[in-house]
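When the chains are written out, they are named A, B and C in that same order, and each has its own residue count from 1.
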Amino acid sequence: MNILEVKGITKTFGGVSAVADVSVNIEENTLLGIIGPNGSGKTTFVNIITGFVRPDKGSVVFKGKEMIGLPPYRVTNLGVGRAFQMVKPFFHLPAYKNIIVPLSSPRVRASSGGGYGDKDAMSLDILEEVGFERDSSVPYKTASVLPHGYLKRLELARLIALKSEVFILDELFSGLSIAEVTSITPIIEKLLLDGKTIIMVEHRLKELFRIADKVIVLNFGKKIKEGVPKEILEDEEVKKAYLGVEV
Amino acid sequence: MKERVIDGQNYRKERIARCIKARSDDIYALTSQKEMWYLLFPRIVPIVGIAIVAYLLPIYWKKVILTTCIFAMLAVSWDFLSSCGMLSLGQALFFGIGSFAAGGFNHYLHLPVYLTIPLATVTGGLISTMILLPVIRLRGIYFAMVTLILPLMLMRLIEATKLLGGTEGLTGLSPFPNEWVEVTLIMAAMWAALFGLRRFIASDYGLIFVSIRDNDRATMASGINIYAFKAQALFIGSSVCAFCGAFMTHSYQFTGMPVFAMEFSILPIAAAAIGGMNTLAGPLLGAMLLVPLSELLREFGTLRIVFYGAILIICVIGLPEGIFHYLSRKYNEMERWVKIE
Amino acid sequence: MLVYGLINSVILALMALGFNLTFGISGVANFAYGAIYIVAGFITWTLIEKLGLPHLVSAAAAIVVIGLFGMFLYKLVLKRIRGLVISEVIATFAVALVALELLRYIGFIGFRYSLPVFIDGSVEILGAYVDIQRLLILALSILVVVAQYLFTHYTKLGLAFRGIAQDEHTSLSLGINPDRIASWSMGIGCSLGAFAAIVILPLGTITVDSGYDVLINALSVCIVGGLGSTFGVIIASFIIGYAQILTATYISSHYTIIVSLVAILVILALKPSGLLGHQKELEERV
């Protein structure tokens, strides 16, 4: 069953087309990878799905509901969560307080019986899930002093707190060491086991292809290829797009 | 961090929280007298001090206290709005609307003081929020520019339409029963605003407001309708100002175009800049210093605004954190020299 | 009517250009702009009346002095607090307060301060009598806009300006010193303000209070037009300028300010980035 159907979305910025007529269907409980060279429109694509940018044309249907035109917070509350490429924590708040904000969203309140109660314990549980050591001082540190790896985990924790059904992870692995990537990958695999759907925009192809069910390749805003990782690896056009050489 | 050399050994200055500070954050604060006093001392001293000045000194100082408290509340409200990511240059707008609301209720509907003030507080907050609703999507400097323009334009609007007394203003409004009530009311309101807003900001609900200032896009991505929250913050902040306006109206038994004066926008910001932004208590402290100072400078006439400007520039450049941050650091943290290995 | 509207619009545009230039390039909202406008007027007045210098020489001197003052202001104050929006606003506004109130204190109050017009006389156009000074404003404004365009597109400094405006970090890596450029942009913005003052002020008297009015006018035009966009500013000043003249003619001159207010609120509600704001600004603002 398709949980998210993207049809023909197009967006032009001042004459340059950032995304041109991209369509893709995402099946429930699968991992879709989106790859492409720099400037190929990956982040714009994510921005459109999550409501941060309104496309010129096209439709995004989530569980039978049209999402184009909805503001980002409505999209989030429907169950499509989004992690930013440039991490956006609340820098002045401690890590565990960061998670209180999504826990206060209408979506979570509706599912957990409502009320603005004491959410510290819930927040600490979620942080432990993404690798903040519970009995250390890490969850209590201000976000501005946390290292990059933890901030990426914090982005992930926000989506888990939101009980999102679709996780859109914009270059989650960028700027992380191999060790950090290997420690985050199991978290993503566990999300898949829990029945979540995941869209990953990624430059780290090797790590992505290991876990992806399907991959689409964008180049100059157009979808040039869609298929399972193995097909993508062997595709001549994709190689051309990445390496920039005539084959 | 500073460094120095003693006996050929390098030392650097280290700041750590005092033990008592750490303890009084916890349950000890309720079980030990020492910790309780540690927490109460910085709160009780200003409350008692201002009460002494207000009740025991001659009548002239009562008026000074009134003005000081009003500006302190405006400053606290400004800081609350800025904690929610809304940089307002137009506290005069909220203040003036509250003042005219109280004046209007009293002049046209002949409502007594104890009704006009609460009514003006709520309606003033509502009207201000409605006026700013179209621009609530703006951020930072763009929002600031609009709020700067609005009170001045409203001033012209009243001048042009001759509504609400026009250029003459509304005079002969009902006064307070006596000055004791007046002073007590404004002090109570000021402390209520300060401690109430501090408590509010620290709650889980208030956390959302702070998160909007930190990063509004991440707040949106957390499923929060930031415009609804900003509107709420606007209502709270402008209500506090509207209360000040209503109070001032009855205190002077007059309302008119001067209530939209630039002074009511600028002084609170100055107080916040000097006292320390995003602390709520800092702006109050700043107002406590600035307003009496301006009374002392009164004989210089317009030159005192020049002094203000100069103080502001110096403070913004030289003391960016503000007095409150400095004091609370001294109170809560100790410094020591440690060897650099 | 048409002619007066045109001239009113051009005056608005001229007032706003300097503010807009500084903001568009360095991102500093210069709230001291109104004060600078008035100070420029008084400097020129002093030079002409007290020192007896020729008109054009004093005008040129005032423009240069104000330009230098702008650069000085950037180097001394703004450089230290660059990027802290609240501090920038407070500092520039405090400068405005100091300048304006100091003028008031020294005693520049009253109606005896006015600048001489460049050429006296008036001509009839389309049935309306227009002072030559007003026509001069029109001509000079067009000149300024053209000069600004040529400057930003064909000189090295102008190209650096646009570089900083687009991306400060990239220009930094291309060997452009953003502080130097920002201080230049501040200087040139202030000079434009002084220029506007010298050209426009002869139409009336110089008063300290009009400093705030100038700032408000410049702000409204810039907000409506989309901050940082020169053509947006021009279009916005035409909209507001004609709207003001229309209300003044058909309703009452008291209501002109309300027209600007409504224009600002409506345009911001519909299009938060202003008429011609760029996408980049939209991202920052909404």
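Points worth noting:
One rule holds in what follows: a residue touches a chain if its C-beta (ideal position, glycine included) is under 8 Å from a C-beta of that chain, and two chains touch if they have at least 3 such contacts.
Because the structure is a prediction, the values reported are computed rather than measured.
Of all chains, the one whose mean C-alpha position sits at the greatest distance from that of subunit A is C. Contact analysis places B-C first among chain pairs (by count of C-beta pairs in contact).
With centres taken as mean CA coordinates, the chain nearest to the overall protein centre is B.
Centroid to centroid, with C-alpha atoms defining each point, subunit A and subunit C lie 45 Å apart. Distance between chain centres (mean CA atoms), subunit A to subunit B: 41 Å. Measuring from the averaged C-alpha position of subunit B to that of subunit C gives a distance of 32 Å. Within subunit B, no positions touching two or more other chains are listed. Partner subunit C is touched in their complex by these residues of subunit B: 82, 87, 89, 134-135, 137-142, 144-146, 148-150, 152-153, 156-157, 159-161, 262, 266, 269-270, 273, 277, 301-303, 305-306, 308-310, 312-313, 316-317, 320. Subunit B contributes residues 203-205, 207-208, 210-211, 214-215, 217-226 to its touches with subunit A in the complex.
The residues of subunit C lying in touch with subunit B in their complex are 29, 31, 77, 80-81, 84-91, 93-98, 101-102, 104-105, 212, 216, 219-220, 222-223, 227, 252, 254-255, 257-258, 260-261, 264-266, 268-269, 272, 284-286. On the subunit A side of its complex with subunit B, the touching residues are 50, 52, 71-74, 76-77, 81-82, 84, 88-93, 97-98, 100-102, 104-108, 116-119, 158, 162.
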